[in-house]
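We call the chains A, B and C, going by the order they appear; numbering starts again at 1 in every chain.
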Amino acid sequence: MIVFALRRTLGFAATLLLAALAIFFLLDLLPGDPAQFILGISATPEKLAVLRTQLGLDAPAHERFVGWVWGMLQGDFGTSYTQQAPVAGLIWERLAVTLPLAGLAMILSVLVGLPLGIIAARWRGKGVDTSIMVLAQMGVAVPSFWFGMLLTLLFAVALRWLPPGGFTPWSENPLLALRGLVLPSIALALPQASILARVMRTALVDVRGQDFIRTARAKGLTMGEAIWRHGVRNALLPVLTILGLQLAILITGTIIVENVFYLPGLGRLIFTAIGERDLVLVRGATIILVLAVTATMLLTDIAYALVDPRLRERSPS
Amino acid sequence: MTNLMKSLGLALALAGAMAGTALAQPSEVRIGVALEPPILDPTAGAAEAIDIVVYQNIFEGLTRIDQNGEVQPGLAREWTISPDQLTYTFKLAEGVTFHDGTAFDAEDVKFTFERILAEDSVNAHKEFFTPITAMTVIDPLTVEMTLDHVVGRFLFDLGRGDAVIVAPESADNNANEPIGTGPFAFVQWNKGSRVVLEAYGPYWGEPVHLSKATYVFISDTSTMTNALLAGDVDGTNNFATEALGVFEGNPQYQILVGTTEGETILGTNNRKPPFDNLKVRQAMAHALDRQAIIDGATYGYGTPIGAPFAPHNPYYVDLTGTYPHDVEKAKALLAEAGFPDGFSATLKLPPVAYARLSGQIIASQFAEVGIKLELINMEFAQWLDEVYTNNDFDLTIISHVEPFDIGNYANPDYYFGYDNPQFQALITELNGTTDEARRKELAVEAQTILANDAVNGYLFELAQTGVWNAKLTGMWQNSPIEGLVLRDIRWTE
Amino acid sequence: MRRVLAHPSLAIGLAATLLFAALGLLSLAWTPYPIEQIVIPRRFLGPSPEHWLGTDHLGRDMASLVMSGTLTSFVVAALAVAIGAGVGVPLGLAAAAWGGPVEWLVLRLSDFVFAFPAIVVAILITTLVGPGASNAVVAIGIFNIPVFARVARGGALSVATLDFVAAGRLAGLGNAAVAFQHLLPNIMSLLIVQGTIQLSLGILSEAGLSYVGLGTQPPDTSLGLMLRDAQSLFLLHPWLTLVPGLCIVLIVIALNIAGDGLRDAIDPRLRQSETNVTA
């Protein structure tokens, strides 16, 4: 087990290094000059040269790469070109929106998706199963940004229950902050809940026919009791893998929804920072996203291997 | 899982209960603006978004521009100009303090302009102030500036956001914690969402009505619409014209339609064939149907222009009839120029709605005379790099938003590459002239030359279309200079 | 054919998918009006005999736009699937056939791609070469690679231990021959099912990318771009948002139903691969 965990951690570090290289050198290729952007249409060659020196854009690429990685290892992500503030602080502010948003969407999709999957499996083939599966089919087919627009129209503009977008900082009023995340997290959770419901149903239907359920039935449990006591636990394995993947998808998938609801999250930070050629900021924010996703996958793999020893032989697909 | 469900249910219920308390107090205002500034120091960046937040609110200059575009006394209460128009003596206001408590005096003025003129200055408009050759502090409230040549609009330039007065103690931190002398002090900036300002108690001038102002950054039109409808913001200075219909006829809102200094043009690379040929440019001018562009791109809110000059300017002359929309004439001119079957060109578009929409419409209009346009959408940084700096383009669409910027056409290195010595001489004479009647004559002549030469396609003057809560008053209807001045804004009940 | 008809969901899904695809293909030869024809005075018309689905904010015919937009969405998604399968399947097969360091490398590469925020890659490609439908193809295609690599490897591993593979090895076939002669044919059905799923995800991704301005650019059109154009007019002209939005939903549902049906028709045991939906 320890060997497995070590091997996976090594792979994790390799992925991160690869990502750091890709992020750094891809961004170096971008057309457009950060200094030009800051000075706008009144820039002169002299002013540009002065600003480029001030921003440290003169050094050769490999030196800047080593400096960047070394700084990050010490927790220093550099200073934003356009905002003239430490990148680490800027990212931290945005994570305070993106992580709770992804987490809330995750909780919602579990709370809605799993019970619906269990109900559908319990009454397999009945009307309730069909309706749930039709809903789930629609849930994965609706673009989240379109769904977000419809939600806003209903809950923010017509009913005025929830804000149409924007965000109040947690430090100011946690409840208002939470209110701002409700609609976006519903929009994000819909496809994930639909997928979870389908996976849960399939997994349960698969275990229905297996020996331990038959044994349980033979002991006098009803089908419902047997599924609840034995089936759900066994079906949780495939669900767990999906959950890990979904969390990763949610963290990166918030970008479009952040745009719809105008949330100051990490995704929108990257989006605007690339437009402004604030490369230091883009690099820092992207590597944090990559770190979050790879770490989630690493933990899922290790947790999965703990539950199911067979998987330690070959890393799971 | 049940615990999770319970706490989530509780949170949702509480969130619902909070819904009623989100309304702003009457002495506060929440303003939606489309673009977030990269920094808050107007002397270190060109972005209009900076001035929208800070100009005349946090920072003040020696003079200030009022909503009619006139120069008014600012921190300089009065001034005298020497007969040769080269020496300006300013009397400064008394009892002024910066928001950090330090006192304001003539040394701060000297510091400010030395900072603008310094070798390593990144001020976006350093060139307006390079004529200053000497600054003398006569006493703490008197400062004298000497110029090396006559500058007709020097007092106006002193009122720009680029020339606001900063203090040596705080200037270096103004990017993120701006400290000025204005009626509003900076409170906080939540990056990506808003900036909060509060009325500055010891303000030296007339007290303002608002106690607090919050700028909320919303670039997306539908989000802005929703925020206005839900009362999350009390107004916005420039709302997308395509969705204005949502607020028309609704008594809870007022729509303020005013002018801006933004002349929208079909920027043409005059260096490059076939655009160096006057006949080709004239053909393109005849091919443009301004009214369709204005209807389609601005929903009728733009004003047609025939030269790069603002229609509300007293020097303006209507030249929209120079090359009227005429498809046959355009085809004939193209044939004369050696392009009987037209030609192909690219049209590079920056990421603003008016440019993207106008581009599609112009492509369809040009197709009628045989000019095939390939539309290339780009980000602003890329546009600056390729079009503006490296002049690598055929055609582009952009609005020139600075007041009285006709002088750009006298710069042969400017991105559209118009090189006309006669015009350059005219502008030099205009800049050195202070006599009103003569200035007007010269300005009219300049406009006529540019119209006849069809340097660029002159499309329309952008309108400012503000949407505000009907109970608010004191907003600027027009936008003679970049900014959103809070000074006179108040609730009427 | 009998197999298709025996699975009603497959028949319905396939028929609906083909209907949309046919409408899209038709747009190459004929649309009611030319899609680039801008006529400002006739904008925002409701549905009528002349304009079956009305006109948009530039006076273009919505029915023509929907036809052409559907084609773009399909083509982008299909090319992205081709990229994903073309690169991913050989990688996955190689990982299964060789094992060891090759497998480790393939898995790391697929982790790496997967960990990279898709939209950031799309933004990067767009800023490097300018926005356009072809960039959407590449951005979506890149993320299809690890999906196909994982599915191919997983499927191949499950058949690699079967007798005929062992027989092939005994007959002296090398890794490459085993992979292509024995493993590939046996995971074909798995790949087709995954292809259908990725096609529907590709259509959603194209819509998302175009919606934030990174995908298809005018004067071309796609369903996502139509949504973007219409979103600020949502309250005034909700019709313009509903038409392309519903088209996306219907196409994706059709593809998913077809995919589910295909899976049942080919091999009921494959239902477990539903876990790949998210990947």
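Simple rule for what comes next: a residue touches a chain if its C-beta (ideal position, glycine included) is under 8 Å from a C-beta of that chain, and two chains touch if they have at least 3 such contacts.
Everything quoted here is computed from the prediction, not taken from an experiment.
Chain A has the C-alpha centroid lying closest to the overall centroid of all protein C-alpha atoms shown. Relative to the C-alpha centre of subunit C, the farthest chain centre belongs to B. Chain centres here are Cα averages; for subunit B and subunit C they lie 44 Å apart.
Put simply, the C-alpha centre of subunit A and that of subunit C have 21 angstrom between them. Centroid to centroid, with C-alpha atoms defining each point, subunit A and subunit B lie 38 Å apart. Residues of subunit C in contact with two or more other chains: 127, 231, 234-235. Taken residue by residue, subunit A touches two or more other chains at 31-32, 149, 157, 259, 274, whereas all remaining positions touch fewer.
Within subunit B, contacts with two or more other chains are made by residues 220, 222, 229, 351, 379, 382. Subunit A makes touch with subunit C in their complex at residues 11, 14-15, 18-19, 22, 26-27, 29-32, 137-138, 140-146, 149, 153, 157, 192, 195, 198-199, 202, 206, 238, 241-242, 245-246, 248-249, 252, 255-256, 259, 267, 270-271, 274, 286, 289-290, 293-294, 297, 314-315, 317.
Subunit A makes touch with subunit B in their complex at residues 31-34, 36-44, 47, 50-51, 54, 82-85, 90, 93-94, 107-108, 110-111, 149, 152, 156-157, 160-167, 169, 175-176, 178-179, 182, 259-262, 264-265, 268-269, 272, 274-278. Against subunit B, in their complex, subunit C makes its touches with residues 36-38, 40-41, 43, 57-58, 127, 130-131, 213, 217-219, 231-236. Note for the complex: subunit B touches subunit C at residues 220-222, 225, 229, 240, 242-243, 245-246, 292, 295-296, 351, 356-357, 359-361, 363-364, 367, 375-379, 382.
Against subunit A, in their complex, subunit C makes its touches with residues 103-104, 107-108, 111-112, 114-120, 123-124, 127-128, 150, 153-154, 157, 200, 204, 207-208, 211-212, 224, 227, 231, 234-235, 241, 245, 248-250, 252-253, 256-257, 271-272, 274-275, 277-279.
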